[in-house]
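Letters A, B, C and D mark the chains in the order given here, with residues in each chain numbered from 1 onward.
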Amino acid sequence: MVSEMQQATVTRPQIRVQNAVKSFSGRVVVDIDDLTLGDQPIEGLIGPNGAGKTTLMRMIMHSTPLDRGTITLFNANGGGDVVISNLPTHWMAPHGLVKSNQVIMDFDNLTILDSMLLAVSTAKYEQPHRIFDEKPLYDDNVERMHEYMEYFDLGDPMRIAGSAGEKKLLDIIRCLLLEPKFLMLDEPTAGLPEEITEKVVGLVRKLADEGTSVVIVEHDLNVIWNLCDDVHFMAEGSVVLRGSPEEIRQNSTVVEKYLGEGHV
Amino acid sequence: MDLDFFSKSIVIGLTEHAPLVLAAIGFALLYRLTGLINVAYSETITLGAYFGMWFNTTYDLNFYTVLLPAGIVAGLISVGTYFAVFRPAKKLNVGALEMIIISFGLSIVLRHALQFVFGYPVRFFEVPPPVSIRVLGVGVGAFRILAVASVAAVSLALYYFIQRTSFGLQIRALASDEDLAQASGIRPLFVTVLIWFIAGVAGGMAGAFYGVSSSVAPLLGWRQFLFIFLVVVVGGRKGLGGVIITGALTGIALAAMTLQFGQVLYAQLALIVAFVALLKWRSKRSIETVKV
Amino acid sequence: MNLNWLDAFLISGLFSVVVIIGLALLLHLQLGLTRIANFGVVGFFGIGMYSFGVLFTKVDWPFGDLPAFLVSLAFGTLVAGLSGLLVGWLIADLDEDGVLVGTLGFATVVFILATTEQDLTGGALGLGGLKFPYDVGTVKADEFLWLIIVIIVVTLIFLYVWWVHRTPYGRLLIATGANEPLARSLGKATFRTKLWLFAVGSAGMGMIGALFGVMERFLAPENLGIDVTLAAMVALVIGGTARAWGAVIGGFLIFGFFDIIVQSYIPFPKAWYGQAIPNAKLIVEGLVLMGVLLFRPLGILGAMRRDKLMRRVHG
Amino acid sequence: MSETNGTPMLEVSGLRSGYHGVNVLKDITFDVGNEVFSVLGANGAGKTTLLATLARLITSTAGSITFLGNNVTRIPAFETAARGMGYVPQERGVFPDLTVMENLNVGGMIGERSREERIDEVVALFPDLGNLSNQIAGTLSGGESRMVACGRALMQDPVLLLLDEPTAGLSPLYVDMFFEKIAEIHQDKGVGIILAEQNATKALEVADRVMVLSLGEAFAVMDAANLTTDQLKEGYRI
């Protein structure tokens, strides 16, 4: 019933997490009754250490299996609704659900261009007998890749990303090249220089304006306050508060959870 | 299937495959502590067999007199391989996959170096002809019974050493969490050397037992390696106790299937298939957190 | 004439070098690109060899040698490919220990079956009756022609492997080997990729096994020792795991030295060829494997250099 | 800067450290005497990295650490432990495969006093541990395993104890208990304590001095009493 109603009013891709529980060796890390992400273009997910933000995102990507519960992606690629908690991780990107990584992740040996081509390539190109597909793949996507290379001033793409910041940026670019309908960013600005952070933020705004739903986890709360339309505050495995950045910032519970009682 | 079949399987399984338990304990120590799959462990076993045979035939010594020296030599060589190969490899940041291949290379080198040293013909221990006694209605060589008893004794001693002594505690702490162990003041080098030595001693003694019950040949250890590895991978999750029980059960299963199929190779075949299937089934059930 | 004698050895020496290079090239896709240590190379090689041999010799073929050979070859390749699919399924989501157990276990199973199924394989005694699917006169000429054929086959394998580096498929293999979870999060079905990689690679190894069997004329379980896996691994590692040429260079360097130069051109005492030289060869192989991985892990050719490759392809 | 008893136990200057090529800590300088020294900051500020670097489990890229007058910037972790540094990491503070008693015994490997005596002291401090001694540490609840971790570190007879968020994720009852114990350890045993905490209120109750980390930089180092809420909010970027 509820899902039908939601479907009717959905304007942008949303994720609904229902009765989702995850515990590690007996300790409950995430326990969410009902959470909808994606009502607003850009939403923030904050909370003190151990609140379960990263675990929740991994559960959504299904790289961490759920103990129980359902996660549904509304308005996925193709417009339909998909129960993603039953699907393996590699099905998320084709459905338009993409997540960037908190820690720096890259492929050894692959150049920046390789990384981009890997992201834009689809399963039909990547079969043992398809040995003449490199050219068409490149030609079909070269403009799209060039846009990013120029925007971020990447320089020569035929080299391996060197610095940690460059790898972090490449991780985000890979995600964007997948043309996500629902994008999750796990600490996108940690380790990035200021001017790159601004460019990333600008791009995320543009993407959100064009209809992609974005959820951000970030330690640098200034980014959250400036960028998000809505903020979910997590503590002890569940979302305890939700509101505009101003509301959350003023809220005594939030200050208390971060700083302890007495500083309210 | 009658009672006779079971008692036969148990007696033959335990007497013939007792060294498997001992070898698996040694391998499990290395595997669980260092995370290293040391293919060259099969050569530690072979070395034990050769040195036992050599002490036994050269100095005309009783088998039980040469058992410990053979184990100690194998243990020292095991420590030697740690310093010569595995420690430098770790310092050079060699990956897990390369480490397996390196140990594979070491295994080949040791195996064929042994052939150079001890010559090509198959060799034998010189032990008195077996006296047969009946256990559970099955005839077994008295020597084999003694061998089972001593394997059991050595295994229990090792178990006690690991579980109850202060050195054992350091070993288990280092295996459990290396960083935390260091922050608690445990010296990793000392403990690691200790492990390589004990693993080598266990392997060497197992080799001597294998050698005395049949013959001594360069492939002696390698032929057992897959089964040792399977026992440890399948049984090693619950610590040494699991390894000992899995090892003993494997021996009994091998004996039972050999009786059933009339061919030891079929028994081995069935065992490999069963164990690999078990591993597959377990991996399906325990897909845990992937770091993305 | 002395020269005649020398040539026969050169043919068999070159043949074994080419076979090892073929196996190493296929291993390059698995170990070099996708970083799966297949310790069961000899199992796929052997199952292809025996499936082919049994079908070729035990069936009373109603048509000539060449069609019979081709049908049997296809059968051997298919059986090896299917076992690759099975082994791939078993190990694709296991870690290094699982891969070692699975592939080593498979090789052992093939060895055991070759020994026990005496009705089909002749057991430990071996299986005779294999022959070339043609007759061009002398045995030496037959062998020489066979060498040429196998060189052509291995060259085709090389071209495929070399070309894979220039395809989206090769890029996916490299990505899967470097960071499988990350590849999966980009929507790559890495499990299926590994499965097909194993199927194709194993089919190739099986085919090489069949071609090898014809040259041997006589199949015995001794052909299925771990030294076949070792040889492919050494050739690949010494030349370089990261690049397609690595297998070729490594194969010629180490096995060219032992199987051609030592066998034919260095006058060691006759008695040494029985055991001392094969023994020494294995020791050297082991030492090379260790030494290279410790001190130059990427082999002679070194790192992959995708930067240069990309410039050549798209520059 | 407040009075510390004579020369400081620990002097840190110009410390830079991190992992995966990211410099988490950027040029940190402070010193700690025989006191409770609180390191405050939001998540990601670098508290855990700082403590792991001090315990020598992460190698610093620049700067120096001087412990009891000796430069320990490059010596191995077991050596600093032997010299009297106890470390309780945030999550994995116990050996999960060992029993509670074995965990304590691992801590008791260094130091001269008899192990029994020290175990008695630890059990007196955390009476619950007495009943748990044969339980496998991996099966303990969060609060219990935190007690075992503290107990293990105390068994080393440390002069300086590094505590990384000992109360994160614990229920309020446990939190209060732990902060009482921290004060007790410092006062009764004379152990210096570096306490990494996010919960500023509690930490400031027990701390003599405080450092606020903000995205890897030392935002303020001062007497605990002088720190204002506004400074805190600025440091936490709330």
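One rule holds for everything that comes next: contacts are C-beta pairs under 8 Å (C-beta built on N, C-alpha and C of every residue); 3 or more make two chains touch, one makes a residue touch a chain.
Bear in mind that the values here come from a model prediction, so they are computed numbers and not experimental data.
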item	value
Pair joined by more contacting C-beta pairs (B-C or A-D)	B-C
Distance-maximising chain from chain B - centres being C-alpha averages	A
Central chain (by mean CA position)	B
Centre-to-centre distance between chain D and chain A (centres being mean Cα positions), rounded to whole Å	34
Centroid spacing, where centroids are CA-atom means, of chain A and chain B in whole angstrom	48
Rounded Å distance, chain A centre to chain C centre (Cα mean)	44
Chain A, residues touching no fewer than two other chains	61, 63, 89, 99, 101, 103, 105
Residues of chain D touching at least two other chains	96
Residue list for chain B, restricted to those that touch at least two other chains	287, 290-292
Complex interface listing, chain B residues touching chain D	166, 169-170, 172-173, 175-177, 179-188, 239
In the complex with chain B, residue positions of chain C that touch it	35, 37, 39, 90, 93-94, 96-98, 100-102, 104-105, 108-109, 112-113, 115-116, 181-182, 184-185, 226, 230, 233, 237, 275-276, 279-280, 282-283, 285-290, 293-295, 297
Touching residues (chain side chain A, partner chain C) in the complex	61, 63, 88-94, 98-99, 101, 105-111, 113-114, 117-119, 121-123, 125-128, 130-134, 137-138, 158-160, 174, 178
In the complex, chain D residues that touch chain A	20-22, 42-45, 96, 138-139, 141-142, 165, 168-169, 198-203, 215, 229, 232-233, 236-238
Parts of chain B lying in touch with chain C, wherever the complex brings them together	37, 85, 88-89, 92, 94, 96-98, 100-102, 104-109, 111-113, 115-116, 120, 222, 226, 229-230, 233, 263, 265-266, 268-269, 272-273, 275-276, 279-280, 283-284, 287, 290-292
